[in-house]
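Which chain is which? They are A, B, C, D, E, F, G and H, in the order written, and residues in each are numbered from 1.
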């Protein structure tokens, strides 16, 4: 991650220049303001983010035109950053792949990745992504891909919902071996409670909109997870696989 | 249950009188209308209920004055019926016990029972009442007392919530031996899903208002139970132990 | 139902092997874990279910590709099981019928059944499925088909909503003859209360999303059913005809 | 109702004065503005109301001090109007009765009436007030007292909820004889649908907060009534017995 | 309205036959049960309704196939009844018009009417239908057409919302001349409160789904109407123009 | 307002010191950080606020102990600032008045003011505070007192709700003379729409929790105001009289 | 703005005629009633609005046919008014541009403007429109265009959300220079709180429906803004850029 | 933590006994079932938890009698475990302190701790607990005390809400030094978004019920946190300080 070091160096240089008098306060302020993000007209790409958060800007694909996405990608590629686009329609993905040949698209989770350099393993253990049902897999995949491009070993364990509790219990060893667990469930959202009761590691719970009627597009699962009788569970927004993968990555780097 | 037969006989007699011409249609209509309930001014006690539902009117204690309750009890006692009062404040219970000496009050569930004759066992198997936590016990007790006075063998299994799943699994045999299961849970309301996945008997799920914050007084548990990924689960209202006990009794008589 | 017995035998054999020392604990554990479900990559088909619940896995058609469904069906057929698919789009149903010629599709309720052997009557009485209006029929049909393939005699009584109460009352005899009743209603969801007051049998109430405005896609009917002033009513999720048929079947087998 | 005529006369006189030039526009405007309500500092008593709505201002007792209520009552009494106070705590009612000796307080519905002159019968038929249960009676009484002081014959029919439908059907004749029906119900709020299906007269439906858990303080009953499958039903706010009595009175005067 | 009398006569004849012994009780019961509605397989057409409610069954067009609608219409036409179909898609309306040539379709409100005989004026005064905005007109039209076919003089007053209160006040005379008022409004739903304060006639308030954001598809308007500070207002479901027209008609016949 | 100028001067001095080299960057940063607020252990009093917002910190009385409030008041008094405390229980107010003798308490709105110097008129016009009913006055008073201590001429117009629209229209001149209007209403919350349609000045709408049943503690009024068909309306939180007075003050200073 | 003066003159003339006797009261009333709005059949165009609110009627494009819009525009153009159409589909905009050649369409915000005369600067300062993200820009643009056509200098500052707080802080000077601020944000809606804490000018907060899952189409942002811990914030409906621009304009004219 | 090792040893011994044949399968099963928890009649104390989760059972004080709590504490003390009781009323705390002299009660957060042995530092870095306002401190304290007794260095930073963003920014260094951050906020719940944007460590967000009106007892803050535009945030239930402290502890041990 050359870029990251460069940015840190640049910043240190600037501050030293202020100290030594080479740069005036005003100049320093001006450069600091322009440095962190460049104005593309429609959105401020935040290159400083690698300084503050350890990872480049992620592109939220929904509601952006293909032109906007391509211009952001170009900017990020020039900085030598790896790129993650979420909620990207397949049609746009195809256009992107024609320009960024090496990009990879995951149709289930509608995620696209593009690597300018190999991912460096930064996570210290394994992140295990679990789902209650098969229809929860797209959200789980978004979490898994996010965690992978952020430098983690990721494993998955799908379709082990609580109505057939033996399916989960037979995999107890894999639960124990994970350092962070992401548990994805819709409907009654009970799986994180059971998993949280079986392990002594942090659990990120992701409610999904899987279900119908009184599942209210994931609200039931969300509420159930917030009210879990098990401790050690943090909840993210409905279908927010990306957020769960991101949070798990931050934890796994510690 | 002498009363029950008597009522059926009375009705058959009346209908035969109509057929034979002993009673005019108008007389028959008039008697049929007066027979089923007597007017106490404030509430229509429904003695016909034993004909239609196999059990006397239950008294909902909340919002009734002690005078109203006593006058209803007197009417029911005269008919030779066993009595169940739910949601009865302790203070009123004490007054009742002074009049109806043999009545029994359950302070936890605020239920009072009074027997004019021994309960006859009508249920064919055992009803097992399960709770997730200790704070769910009052609701469970309401279910258990209801089922008992309706003529069932009742067993209880308390504090076996999903965050410590081994507590439940170690009691698998008792789950298997029950003919009907009542599962009571607050917070994330996940227990019925797990129980429903372990047995092949009907499960009555009772959400409780146990919890805080986003448990919304039991709504989260209610929604979770309605969205259970396990099949064979029927849900009753929040804290409705009586309703669950009643439903379980109807099933256990089959 | 040959398969069911086979599985029980297999399990007993395995446990005896453990007892006799023919199989080590580890082997036993390994076999027990692999036995209950086979991994199709996308979903774990739970053949053990027939052991635990008395019925093979039901396929939830929504969100599954035609390839996934066909591969699951093939697996189930090989085990000699009858198959029920719910929430299946007509287009997919047509493809399936080309492969599984004897399958039957119900376009109203979007249910498909496939029989590898005749259904054995397991229910002891009749399940009566009632609707308030004609638009509730698809949900009722899902309940009826489910109950039938689970081995029950099923009768239906449609369009007898409470605004024309005489329509229901004129069918009082049929209500009395049923052993379990499934009552399906949208809008104000009042029908289960009236039916529940007329019979002394368990009632499964199914709210439907029929209605508009403040019916909120079935929430009003759902709430009304949960708050029924009649006792002996268990409620399932909105439009969950399958769940109601399943619950009714479990009860009718008792 | 002398006052009513006086006001109309005054207004006509004023308008004629304007026409004849006796009063200037400005004078007319000024008098018109002062005429309709007098300023008591805290609330504008609207004597004009009898002109516009056919009935004097009703006093909403909640949140008003005893001094405020007494000063408003004094003003109304001087105008020779009959008075209706709703939502009045018993303690305040006692103080009022010491000053307005002939006033009558209804502790159940917390309504107080004071007559300066006998009520003149203005309603053309009978208003029938029906409740589902005994706990709905306070709200029903508020409706009944309101309708009576507005000049109507009022009859009541209490505790005829839908779970014992025969209780209602046996009173079919009374339903048919009413000109307007007010139907009061909590819990699942189904009674107006059944009543609305039995009569061809307007039905005012009043949801009450009777119930618990998922009755949500009357919301369930309110929603059920709004979604009634019967036609000819208008709904008022939860527990708004006054509003129902008022609406029924306006209709019964036609 | 020949049909109506016929039915009454038939019923009286039947009852007299019972009295005179010409018909047995069982025959009477059997005929009574079959008389009121005929079974079309999918829905029970309720011809008795004209007896009970003074108007034939209305057809709810939504969710019914064109075949179902045509078969119901045929049945109703044979009985000599006027027909009202609501929520009918334009495409289906065109097909119907090819069969029932004299039918009239209102594309704005998606209502279709068919007259077998001229409407007889049954309402005693004028029903005034008012809207807050122009986008509320479709719902208002449904109310107006319903009231007309039920035998009322109907007038309309559109686009007089509260943000330009002078538009309404300049029409005060028309408000005063109406016997019943239907007030249709979306957004903040304030118009019924203002109208209700200006007249002394019953007001039927109809919330519409006009609005966006926090109007929640009409819930805001619905709540506002239920909480109106004006008295004499009855509320119907969101967009329920038919219900309002029906209720207004029942009132106007008194 | 001596303090305000002092602070500005201090800040300018500090920045000049930085420029001239008298103060090092670190010193400047340190002083800047300590200057704006002093740490009382439990809360950070923000004296800088007068610089940023033109008014000292307001004390939210709810949930603070009398000791905490007194220590904050002491700190503010020493800085020579006028003080406003909102949501203060009467009991605490009495204790405060014993220490801060000149403080004034408004029991209706539970507001306390303390002046260290006379309020300087900063608002350019009149702020008119309007209520729909008398029960809305406490919230209105909170707005009025806030606006007064922030340097505005404030007038009030109470009890002019929309059900008696003439009460409002007769005061049209006062509406026109105001520069900013605060409109306070509960129940259906319609008043801001009507007022907003009558004036061409900004309107701050304040929903109150006045009402019952489906008013949901002010939610109905809040939603109605957000959906107003009149333009030029900004809404604050339920019962937030302070926020409305504050916003009106900011506008009136422009 | 010639038209505005004309209207005022016309009104004064009319009133003088009344005073001098040239016009009778009835004539005056009649003319006053017809003057303010003309009836196009479908909607009452309110030309009086320029008198009362300082701006011509804005056309809400949604749900209006192209014919309706064109006829309204024609009426407004003849009066010499500038025109603003909101929520206008692109397809309709194209048709309009063929008739009103000089009209300008903003595809992002779906707003169309048409000038009959140059906009006169009426606002005294600058209105700054800020967004949290790029997806909030359409709503912001609606606010900006509205404020511009109402005679204001408008500046924009986009994509400065709170997760990268330095982006906002680096623009502190622009915040300070604005006289009124419009802050547009979706998701957690936190930006107005931060901005409100940085400036001493009124802030209009606009929640947007940007987000997913538990953002509930903008409700979360709306609630957050209503509960802002910063003072001086008025909130408008979700996505109501027009309302915010209008409110800001009213303030900026003061 | 002697107990922890003992339990592990016991378990290993048992399994070895099974392997060596010293214990039969049935014996092993029986012992395994009895070992993990002892039955106190009302609740199953889960000593096995230290094996599975690394920390003894925490006692939820609410709804438990003082006798129940004391008997649980006695059981835990005998096992040599440290004890944490949450949601404990002050009155009960006083009784406990008379029995467990060395226990410490935190009246603000209603937490009680009792140490049988000194806490061993298990967390690798510092957990920083931040609040937006002073009224959020009780919830923050619950988090802090929980984290401390679970073996962490804990620091606090209170009253740094977003309306005075400089208060937070001036403490940037402390944010950077923390390994895990717990951010507690009520009202609009914006603080976690700002903090999450400033650090690259996991943030646990805790909504509190601080606020009024549309804060809905913490729902607004909860929703805002779930919709945060910053990544790396996990949310717990409203007021769930304990849950946040627990989750932070699990992370800090990694």
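The working rule: a residue touches a chain if its C-beta (ideal position, glycine included) is under 8 Å from a C-beta of that chain, and two chains touch if they have at least 3 such contacts.
What you are looking at is a predicted structure, and each value in this text was computed from that prediction instead of being measured.
Over half shared numbers or under half: where do the identical copies chain B and chain C land at their interface, same or different?
same
Greatest Cα-centroid separation from chain F: which chain?
Max centre-to-centre separation from chain F belongs to C.
Chain A and chain G share one sequence, so how far apart are they rotationally when you fit their Cα atoms? Give it in degrees, rounded to a multiple of 5.
A turn of 90 degrees brings the C-alpha atoms of chain A onto chain G.
What chain lies farthest away from chain G once each centre is taken as the mean of the Cα atoms?
B
Kindly point out which of B-C, A-G or A-B repeats the B-H interface, defined as over half of the contact pairs being the same residue numbers.
A-G
Quick check: how many Å separate the C-alpha centres of chain A and chain F?
42
Could you give the separation in Å between the centres of chain B and chain D, each centre being the mean of its C-alpha atoms?
Chain centres of chain B and chain D, defined by C-alpha means, are spaced 39 Å apart.
Distance from the CA centroid of chain B to that of chain F, rounded to the nearest Å?
That pair's centroid distance is 55 Å.
Once you find the CA centre of chain D and the CA centre of chain E, what distance in Å lies between them?
26
Mind pulling the chain F residues that touch 2 or more other chains?
133, 164, 197-198, 213-215, 219, 222, 226-227, 231, 237-238, in rising order.
Under the definition above, what is the set of chain B residues touching chain C in their complex?
52-55, 58, 124-125, 179-180, 197-202, 204, 222, 226-227, 231-238, 242-243, 246-247, 250-252, 254
Which positions of chain F touch chain H when the two form their complex?
Residue positions touching the partner: 32-33, 36-37, 42-44, 46, 48-49, 60, 62-64, 68, 207, 209, 217-219, 222, 237-240.
Touching residues of chain A toward chain B in the complex: what are they?
Listed in rising order, the residues of chain A that touch chain B are 132-133, 161-165, 169, 187-190, 193-194, 196-198, 211, 213-216, 219-221, 223-231.
Can you list the chain H residues touching chain F in their complex?
133-135, 137, 158-160, 164, 166-167, 170, 210, 212-215
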